[in-house]
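All chains are identified by letter, namely A, B, C and D, in their written order; residue positions are counted from 1 within each chain.
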Amino acid sequence: MQFKAMVLSNVELSPGYFRMRMTAPQELASSAPGQFLMLKVNDAIDPLLRRPFGLFDVGSFLPEYAGCGAQVYCEILYKVVGKGTKLLSALHHGDLVDLLAPLGKGFDLGPAGEEKVLVGGGVGLAPLYYLAKELKNRGEKVRLFAGGRNRDDILCITEFERLGVETYVATDDGTLGERGFVTQVLEPHLAPGTRIFACGPTPMLNAVAKMAQKSGVPCQVSMEAYMACGVGACLGCVMKGANHTEETPDYRCVCKDGPVFDSFELQWS
Amino acid sequence: MQFKAMVLSNVELSPGYFRMRMTAPQELASSAPGQFLMLKVNDAIDPLLRRPFGLFDVGSFLPEYAGCGAQVYCEILYKVVGKGTKLLSALHHGDLVDLLAPLGKGFDLGPAGEEKVLVGGGVGLAPLYYLAKELKNRGEKVRLFAGGRNRDDILCITEFERLGVETYVATDDGTLGERGFVTQVLEPHLAPGTRIFACGPTPMLNAVAKMAQKSGVPCQVSMEAYMACGVGACLGCVMKGANHTEETPDYRCVCKDGPVFDSFELQWS
Amino acid sequence: MQRPDMSVAIAGIEMRNPVMTASGTFGYGAEFADYLDLESIGAMITKGLSLKPKAGNPTPRIVETSGGMLNAIGLQNVGIDAFIEQKLPYLKNVNTPVIANLYGNTLEEYGEVASRLDGLAGVAGIEVNISCPNVKQGGIVFGTDPSAAQEVVSLVKKNTSKPLIVKLSPNVTDVVVMAKACADAGADALSLINTLTGMAIDLERRRPVLANVTGGLSGPAIKPVALRMVWQVAKAVSLPIIGIGGIMTGRDALEFMLAGATAVQVGTASFLDPSAAQRIAREMEEYLVEHGIASVRSLIGALEV
Amino acid sequence: MQRPDMSVAIAGIEMRNPVMTASGTFGYGAEFADYLDLESIGAMITKGLSLKPKAGNPTPRIVETSGGMLNAIGLQNVGIDAFIEQKLPYLKNVNTPVIANLYGNTLEEYGEVASRLDGLAGVAGIEVNISCPNVKQGGIVFGTDPSAAQEVVSLVKKNTSKPLIVKLSPNVTDVVVMAKACADAGADALSLINTLTGMAIDLERRRPVLANVTGGLSGPAIKPVALRMVWQVAKAVSLPIIGIGGIMTGRDALEFMLAGATAVQVGTASFLDPSAAQRIAREMEEYLVEHGIASVRSLIGALEV
């Protein structure tokens, strides 16, 4: 769906990390965690392309002004890395942005009764909040493993805990939680009956996918790729499928076949 | 001079016409009426080039916050016509813009004792306010003839009157002042001992220049041309000088030799 | 006022308006069905089709540049047979002409792909890509050498009874020479321009951003070059022309028509706004209404120079 | 850390840093003296000089496009004699190499202008514009035909003992062919690219915006094409290369160096920011400091492909 959204709030949570809430049409309420949106930060040609962001949260609220019923909102959690996110961070309440959403294939929540293990690296946490909310709504047991370079990269832990999620934190420099990689903290918790949902930098996903395979635990990963269209048309965002070879290539569209993949669908280095 | 200016106010005076006040360095206080500035509306590459605007006013004010002495401001009066001016009209107090100012050659105020006749068409009024202020500071007699298509194009008449300027208005449709061209209203007032300063659409300047020549009245016109550099380097903004022919071309830079020219310096159609 | 007449025809392909979607930027049509009415646009051009399925280039394949983007998709496509089996049935149910864009890795493949499409219901015409700059054997030679282009076009012409559009590369010294060569070889229409070859560099990694090193530049950045080439070719060749390159708005499209185009293609704009093609057709019509112009065809080549 | 070594040399012209100002975008230097320190940049290139003063094209001469601009100045200049008399004395007092950009309307004029500059103090080198797309006789043929280019360069070479830079046009099928032709004819360095030929249309007036109809496209829009051409030529020719095209920042400049340029020229950027050349040199140095790179020369051609 393509629609104009009004920015409701846009707050810096930690240096360089913002959480932005926007209005959304009713239909977005039936989006799935793991799906994403494509946002045009302005209506100029610089930056030219839309920017993809995971759905951090979707919900509804009652506007304070009269005459308006419950209104759906969606949220993104983003890191300022370049031109587009810099412009995004300057938007205010009342500004309009053009969105395509919901896009792509979300997480398969899996059967009830499993222990759900969420693994997020840095801003890779973004789609996991919406996921945790849905899982907790279904009454599941959810643990979150959040990693980052330092404490500024660890976001929204309180929000997860408020949902009833058990949280574990690791930072490279030990300024928050354990010192080291989040995968080290994660490893002892993997056992049959758990299911992994991971999002973060590719090396982390690589490590998680391998660990999951070793432990025989199902694992879904949410991937990133440069995107132009977001709808499966330009073939710009492809990734190598597990059986990809030079001779019999097998590419998957991150925007359409993903961004969430079963880890065994993809080729890991 | 190149400097960053902070927008102090940006107000719509009449549909599509804005008056914007910006901070300026001390040096701008010694600019001359008729000089202009080049403004970069954002720091993106769309729009790419700076936009030229006449100095509508230059003055000083005392900021309300403590610890700051008198501060120079400059103002522009502009019409929203395209991409750049549209973006400009969305700027707020506190936004920063990059300016080159003062640029070009201003008006020659002429000897004291003459009657100064200011002729402005539409937003061509812009440089005439600063001019009128300077002339009135010198105690001169000043009349303003302002023309436009309709009453929405007639701006700041009260401001001129407050300076002690005698004003005459003409609109094409008669919705304000006399019905007809401003040149018709102007004609009876031209006599030896007057001096014309005109700014507005080229057909108007053409008519004024001819009228001035017929009446033997000195006449300066402020011209517009597409500009890239504003400093006489790109040669993009040239106009035909009076003696220009195909064989012996004579081009003048509007940005450097102008924007104010003696009417006899230029070639009129 | 009556609604203006927006219809145009390219080599016998009747279109409700001049706005087509450019090859490689609109998938196989279905991808955009949620975002616009496929029956509101003039025609759809498929992704470039080859004889065998093609995997395309390694990634990254796209990168944004100032006012444009580079792509090196490498002509990934399902192949002509899968297109006919899997994609065409959907398109047949859409009441909008479908034009198959095709290319070959060799001269013979061009002929072969064209002949498989010949006589196929649901394909209104073919557009031959002789200009793709990404695949070594797949275009650049045919697209920049007039006699090679002539060979390709002649062969395709022999293998098809469908209207034959040839798509030209801008990466040439003289586009008019190429246009004339294609016209002489039997093209029924010309589309231009394909992408300009460009490159982007990742300073930190000291590597090209694109795995393929170079890619094709598209988007608003190239519009001035495209307009110039359309104008040059329209003056020199009497075939109908389809203008392509950085068209974002109805005004852009109308500028191409003034320069001599009978129709236009919208490419990169569909990424920014998936409803771009429909919007642009609407904006063109609005312009005609505002200016009291009865038929869009009256603007073709109406530039006064 | 010590300040990094920013110096480079082009065919014996020693520069304090790799940033030069591009012909036609920096006037005769003095126009920018209020906005930057002329002694902070690597070199200055003059507006294109011809034998006789030249009036240039009718107006409008410039128009903004998406991420770029078109110009059709038509090589307006004061002529070689007035340059020497009126402009050079000022430049002689600036401790920065001045390179005279020149062109001719005929082959002979090229030779003549070069010989007038020969032996002239205050001119560190010459840059021959064989690529200006605006003036019918003044460039486009020389710039797009390898043997014509070879003739011009050979003749100029005979008439000068100064370092000879040849500036290439991007409006060609194969820039490497042109580069080799110029190298063979005696060029000491190559600069590229000049502007891409483009066009803009005023929809309301149904006329080209530029009086000259077409003009040269410059600015960030063309950077990908320029980078690609610099990279192609650097691989194929062993002469030092000056990279030009859409350079706005120190990072842009360094990308050109990775692609194989020894120095760069800043053109359109000086219109947006009259201190651009100085700022870009500073940004380059800052990058080197941040990354612990001792000499900017270590980046030349350091792209890993």
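In this text, a residue touches a chain if its C-beta (ideal position, glycine included) is under 8 Å from a C-beta of that chain, and two chains touch if they have at least 3 such contacts.
Which chain is which protein? Per UniProt: A, B = Dihydroorotate dehydrogenase B (NAD(+)), electron transfer subunit; C, D = Dihydroorotate dehydrogenase.
Keep in mind the model is a prediction, meaning the values are calculated, not measured.
If you take chain A and chain C (Dihydroorotate dehydrogenase) together, the chains in touch with both are B, D. Rounded to whole angstrom units, the spacing between the C-alpha centres of chain B and chain D (Dihydroorotate dehydrogenase) is 36. The geometric centre of chain A is 53 Å away from that of chain B, both derived from CA atoms. Centroids built from CA atoms put chain D (Dihydroorotate dehydrogenase) at 34 Å from chain C (Dihydroorotate dehydrogenase). In whole angstrom, the spacing between the mean C-alpha positions of chain B and chain C (Dihydroorotate dehydrogenase) is 47.
Annotation for chain B: residues touching 2 or more other chains are 45-46. For chain C (Dihydroorotate dehydrogenase), residues touching at least two other chains, in rising order: 65-68, 219-220. With chains as nodes and touching pairs as edges, the resulting graph is complete, every pair of chains being joined. The residues of chain A lying in touch with chain C (Dihydroorotate dehydrogenase) in their complex are 1-2, 40, 45-50, 98, 100, 225-239, 249-251, 256.
Across the interface of their complex, chain C (Dihydroorotate dehydrogenase) is touched by residues 65-68, 70, 144, 171-174, 196-201, 203, 206-208, 213-215, 217, 219-225, 227-228, 231, 246, 251, 254-255, 258-259, 287, 302-305 of chain D (Dihydroorotate dehydrogenase).
For chain A in complex with chain B, the residues that touch the partner chain are 44-46.
On chain D (Dihydroorotate dehydrogenase), the positions that touch chain B within their shared complex are 24-27, 31-32, 34-35, 47, 55-56, 59-69, 71, 73, 76, 219-220, 248, 268, 270-275. Residues of chain C (Dihydroorotate dehydrogenase) touching chain B in their complex: 66-67.
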